[in-house]
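Should a chain be cited, it is by its letter among A, B, C, D, E and F, assigned in written order, with residues numbered from 1 in that chain.
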Amino acid sequence: MTKIECVLRPGKLEDVKNELGKFGIKGMTVTQVIGCGLQKGYTEVYRGAEYNINLIPKIKVEIVIRDEDVDKVVNLISKAARTEQTGDGKIFIYPVTSAVRIRTGETGNDAI
Amino acid sequence: MKKSLIGPVLLLALMFLLLGPGVAGASQAAADTGDTAFIIISSALVLIMTPGLALFYGGMVRRKNVLSILMQCFIIMCLVSVQWVLFGYSLAFGPDLGHITGSLKWAGLSGVGQSPFPGYSATIPHQVFMLFQLMFAIITAALITGSFAERMRFPVFLVFVLLWTTFVYDPLAHWVWGIGGWLRNLGALDFAGGTVVHISSGVSGLIAALILGRRKGYGSGPILPHYLPMTVLGAALLWFGWFGFNAGSALAANGLAASAFMTTNTAAAMAALSWVFAEWLHHGKPTMLGAVSGGVAGLVAITPASGFVGPVSALVIGLVAGIICYLAVSVVKARFGYDDSLDVFGVHGVGGTWGALATGLFASTAVNPAGANGLFYGNPSQLLIQLAGVLTTWVFAAVLTAVILKAISLVTQLRVSEEDEDQGLDLSQHGEDGFTDLVVGVPLTQSFSFTEESAPVLKESSAGVQH
Amino acid sequence: MKKSLIGPVLLLALMFLLLGPGVAGASQAAADTGDTAFIIISSALVLIMTPGLALFYGGMVRRKNVLSILMQCFIIMCLVSVQWVLFGYSLAFGPDLGHITGSLKWAGLSGVGQSPFPGYSATIPHQVFMLFQLMFAIITAALITGSFAERMRFPVFLVFVLLWTTFVYDPLAHWVWGIGGWLRNLGALDFAGGTVVHISSGVSGLIAALILGRRKGYGSGPILPHYLPMTVLGAALLWFGWFGFNAGSALAANGLAASAFMTTNTAAAMAALSWVFAEWLHHGKPTMLGAVSGGVAGLVAITPASGFVGPVSALVIGLVAGIICYLAVSVVKARFGYDDSLDVFGVHGVGGTWGALATGLFASTAVNPAGANGLFYGNPSQLLIQLAGVLTTWVFAAVLTAVILKAISLVTQLRVSEEDEDQGLDLSQHGEDGFTDLVVGVPLTQSFSFTEESAPVLKESSAGVQH
Amino acid sequence: MKKSLIGPVLLLALMFLLLGPGVAGASQAAADTGDTAFIIISSALVLIMTPGLALFYGGMVRRKNVLSILMQCFIIMCLVSVQWVLFGYSLAFGPDLGHITGSLKWAGLSGVGQSPFPGYSATIPHQVFMLFQLMFAIITAALITGSFAERMRFPVFLVFVLLWTTFVYDPLAHWVWGIGGWLRNLGALDFAGGTVVHISSGVSGLIAALILGRRKGYGSGPILPHYLPMTVLGAALLWFGWFGFNAGSALAANGLAASAFMTTNTAAAMAALSWVFAEWLHHGKPTMLGAVSGGVAGLVAITPASGFVGPVSALVIGLVAGIICYLAVSVVKARFGYDDSLDVFGVHGVGGTWGALATGLFASTAVNPAGANGLFYGNPSQLLIQLAGVLTTWVFAAVLTAVILKAISLVTQLRVSEEDEDQGLDLSQHGEDGFTDLVVGVPLTQSFSFTEESAPVLKESSAGVQH
Amino acid sequence: MTKIECVLRPGKLEDVKNELGKFGIKGMTVTQVIGCGLQKGYTEVYRGAEYNINLIPKIKVEIVIRDEDVDKVVNLISKAARTEQTGDGKIFIYPVTSAVRIRTGETGNDAI
Amino acid sequence: MTKIECVLRPGKLEDVKNELGKFGIKGMTVTQVIGCGLQKGYTEVYRGAEYNINLIPKIKVEIVIRDEDVDKVVNLISKAARTEQTGDGKIFIYPVTSAVRIRTGETGNDAI
């Protein structure tokens, strides 16, 4: 099994989710994060002083999938999340040792 | 962005040119202290309605736009207050010109003094009457903001409000309430502003929503309120302030004010119940948003009728208002697909129209001898007069709003850019975030840096930190 | 869920059957404008107490139940307003039947007009008196909701409130304040509602909490307030509105109103301080929740005494109130293990009882010649009369509340299901989330989908998006 | 922590020693009901300003300190209310001693009764005048809290407030408004408290900020408001309450009150606009915080002038106030590097000074025959008198505040420890968290455990859970 | 070392935490997340329109433990978090290369 | 590639971020978490009852970096985040299989 972790623009969550759903992936876990990288931050004003903010709201999506699906899924997320502006985000791929479905105790590919 | 300042600044400058000396004469004829106390406090109550509305609306928009709607309502309080003192009051209530508008004789409040002006109110200082009316002008303009929420550029908004209040509200107020106004002469009954306030704002809102177009994402997924408790607080302030609005419209602390207070409360309560039950039957849940929306719909509908009808009529007016406004926002809006963001038309346009017509049905001289009887009390002609008032207001508000917006759109873009809409108006228009350090959760303040020159000088000597 | 609608709808229908013509006659005898202005505004102030209470309570519940408590308070505003106009006012203040209840002669406000009814108040329109009293009926019912917060089914709640206000509040108000009421005849002093409002709601709350049982998880871990600033705002609105409540109970803008205002503010301030210091000594920290709770405890305790005592007595009443209410909620409640969610009994039951008895101690005809002297001013019998009033109210409220709830429980379940309690009442009862897009942090709105048929029609032609 | 209680408790005890019998006599001479109604309600309006201020400030601090600032404002409401009744009112308004202070003759409100005291106000009960003035004492002390927000120890705060209100506010109020006060005798004009309220609090705030030193992290990175909608709500309540503050200062419901209401609203509106435009031109964005700050600056500046100037003067006063206060908080503060957390000095010190001087420029007897003409109406000497009042207040407030704080610092530490500052004052000073279960997001309540002995007893028999 | 990452029902956090505590595990990191999978979402109503919400609030718990404890811990979490209704959540197991205790600089098993 | 995940005191985020920036690392993802371990919790008061709270607000920072930088980066974070009081937090190091930059489709070291 493999974990796909992607950091997305908040507005792209729905698109990615839809594409994954069409592919047959229903399970995912979503976290609100902030991040920085190449994307420029924005400016806030407070009583006549300006501040640069460089941690920008992003959405992190984690899905654990079967190894054989990795390439297709990465591809699919890339396409759905791309706007070609800096800040589109990253996909990271990690090895997973095992998985358990708490409700049934199933493990491995059956669990995800 | 800086370029966009030129418009507003010029307008402001123009406003100042109209400045007369404006010192109001000291009290000559005595006013009644009770009535004066009542209308002064009522004015304060109506004022608090606008921040109430801001919160009512603010809770319904998305998090990223909450400041923009609060800002719009707040700035209207300021802009219209200044406009009113400079020339707005004079246009609306000043000496009549051809039954259509007031003259500029009272510009800068010259002649609007501390003693009563019996033509409008014999027992309170003229300035109190002027202030009470100011609060109506403010809230009316503020109501419209709900229709184009989350997408209008702020400079455009400023110009729109100034033009709208000058060319739509002021004349309309003159027609219905000003001495010599043609609708007043016709005998149209509008106790506290069903046409002037609610129909005008509701219809203008619909037009503005159509002209601006839908919000990005509207229709492909719901756009949900970000924080309903804020909306509830706003509704509570609206209900509270509305007592000043309707009861205060008696312009005296008398039995008629009491009656208007009673009908106001009764209709609001009934409409909240009927909206909730309608929604419950239709969708399976009685919602908080439904309850407060219904309450507001009832308050809107009773407004023109409040000083002319009895308690049972108020119940009926509220009952119907809750149901038809619910249908307007849930069924009609979905059917036609316009994006009136916060349902200004569905609540104020529809509710106000119903209220104005209902006045023609339920009005009774037994309640207010200075009024007239409605259809159910044997006077069908009143209904026709009401209808005339309603139609005129619809047409006038719709046409003028369209003209104003189209005119502005010749000069500049009405909507924010798509990126700005995505980012939210708070950051893009105002450079602020409503929830710094609250929602994103991390003490973000640690992750900012000063832009050059705005960092404070830190000389330990002058302000030494103790540790 | 739809089935559960039948009850409320039938009740509503029943209410409408009682509808009379209800047009109130126009003003005949003149009221005093100052007094009228004062009581109209006081009514508005008392009205705002109910949303204030909603926020006070709302901040104290868990996030998932905030809308449910706001909704309950808001719906009470609506339900009781309608009940009052239809028959509640008549039951409470209408022509006496056997010293126990008012008749239905004033149902639909027939005969309740714009001129004063001297039996209750010679200087203000009868309708103003009626409205002022309405606000008391509303807030009393709303107070109870704190005791069964976070677990009562909404349809049950609706029925309970309607029955409680009709069978507990209305008679009680008649006994104490109605012409012919037996406690009024006995000479019990209750300036603004210590027994009628606070003891009745506090004791009823205790009974309701016992009958409904504890919230899931109560006792195994604390259930903490989700957002204290909301509670502080609510407390502020309560304090503000309480001036209308107590000073307004003079029913005139005179020295007595001033005195009641002064004692109200003084006792509230003192009680907040004494609660905070008691807590500080007992637990090492002066808390914000302690300060506002103490303030409310002081307001409660001074309520029956406010128009009968001087400033020093007010200080003592407040001082004691803060301490005993603190002990009631921190020590007594833990000792007995009942789950009075938001301490309705500890604050209103205990505070109200102390206030009613304190009136029998500190009342002085030097403050209010129309009152009586208390024990400390040489009249021990007044204390006994107060005790009689207190005991009667305790027993009456407790028994009737138990009967009403047990009766309802024969027909349907009082509590939400365990799953619904876990999910929170906002979603399970009202299908809403207070904080969409605010707390979960992700723009969740992007992750919804319309259920069929409720999606808006999007014809580009009719509402074209500009870009 | 417990040790730190000794100070406050002793002070409280002392206060009680001063307790006289304090029963006020019943009404003898009749007051005017309209005026009485107006000032009673105005008092309530001024009271709500303090919670308004608490929210205005509360939104601007960081999340971890929101309760601490709400608590400080709330406790001031309580502490000053008690102090005022016990001896504060007597010091400020009691029979004059050497033009410097009132005597203690009216301590415990003895002699402050239900009938008017014509020396201050012939048409309202003396107690109403006393209450109205109380609200001013409260808000003034509360204003200062913004300057040392986020770092003062709570016990120190309690002592500071008690001393400050007794030794700074009470004498100052006596000088300007008390019969026999030397500034009043000099002819200084201060309609509603430009010097007494705003300069005194603004300058004291500056001194307190300097003595306490900067917040940790100030200057190395911005410290941003955690929740601006709270600030907007607070500003709305301030604006609303300010009508009571300024119009109520006419002490009667008459033309002068109307005029003060009008100038108040006008100046606030104009100042909000001018602040926003100044900021827009200077930094490229019109901000919400700018709008509300400007509104408050305008309200501050018009306060002393509100009953002496006409509408055009009000516009000019507001216009200038918005600009200079903006420059004070954005440019001046950064230049000098002091950490006046929420800009008490920049808004109230600077705005109040401008307002007091502007009164000497724009005052006109055509508006208020009981006032005087200012420079622009041919009387330059008035400006000098105003200047005298301003300078005296600056020096007096600055010196006394420094003395009080230095005195306290001899006994104990003024600031919280560095760890407590990091953790936030809510937890460290009050043991509470404003946002439990709201922000951290996890239902944290599930992760607490009772400390021994405070867990409730759970006997299923007495409070059985139904399921 | 191994990382155990579990997605739980919010109401189960306390139970899991208690069980881990009894077992001797004190250190953990908790994140608020939303997730979807087989569990049915719920319906919200907004001005007469209904919406299905399928991202449901969950709690993510991360604990880094010694390899030898993995089976026992997985077991223990499974039991404590189970309600046998869909939505009980998942346990994912990942390899950890190394760990450092910032305070002391200790690394490896000593650090956790 | 390697993922460095560190749990920090909230007040240390800025310091760590600055140090990483100086080192040339710009990309990171930040999450708000709560955690427990050896650090003592704090006490809250509610209507006369006291509660111990042992889940304490922390900040989680995730950075994916090239394998060769790991030691230096761990060192640098340790130093920047250390106060020598319990509660300073942990650094966990995980293997990463791959990374993708959504905007360009770049993978591997180019993507981070």
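By definition in this document, a residue touches a chain if its C-beta (ideal position, glycine included) is under 8 Å from a C-beta of that chain, and two chains touch if they have at least 3 such contacts.
Just so you know, these numbers come straight off a predicted model, no measurement behind them.
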{"item": "Of A-D and A-B, whichever chain pair has more C-beta contact pairs", "value": "A-B"}
{"item": "Copy pair chain A, chain F: interface residue numbering same or different (half cut)", "value": "different"}
{"item": "Centroid spacing, where centroids are CA-atom means, of chain B and chain E in whole angstrom", "value": "50"}
{"item": "Between chain C and chain B, distance of the C-alpha-averaged centres to the nearest whole Å", "value": "31"}
{"item": "Sequence positions of chain B contacting 2 or more other chains", "value": "32-35, 37-38, 41, 221-222, 224-225, 233, 283-285, 287, 289, 330, 334, 430-433, 435-436, 439-444, 446-450, 454-455"}
{"item": "In chain A, residues with contacts to at least two other chains", "value": "11, 14, 17, 30-32, 34, 44-46, 48-51, 55, 94-95"}
{"item": "Sites on chain F touched by chain C in the complex", "value": "44-51"}
{"item": "Parts of chain A lying in touch with chain E, wherever the complex brings them together", "value": "3, 17, 26-31, 64, 94-103, 105, 111-112"}
{"item": "Contact set on chain B toward chain C in their complex", "value": "32-35, 37-38, 41, 45, 62-63, 123, 209-210, 212-214, 216-219, 221-229, 232-233, 235-236, 239-240, 243-244, 247, 252-259, 261-262, 265-266, 268-270, 272-273, 276-277, 280-281, 283-289, 291-292, 295, 310-313, 315, 330, 333-339, 364, 366-369, 414-415, 417-418, 435, 439-441"}
{"item": "Contact footprint of chain D on chain F as seen in their complex", "value": "11, 14, 32, 34, 42-46, 48-55, 57"}
{"item": "Chain E-facing residues of chain C, complex", "value": "221, 422-423, 427, 430-433, 436, 440-442, 444, 447-451, 454-455"}
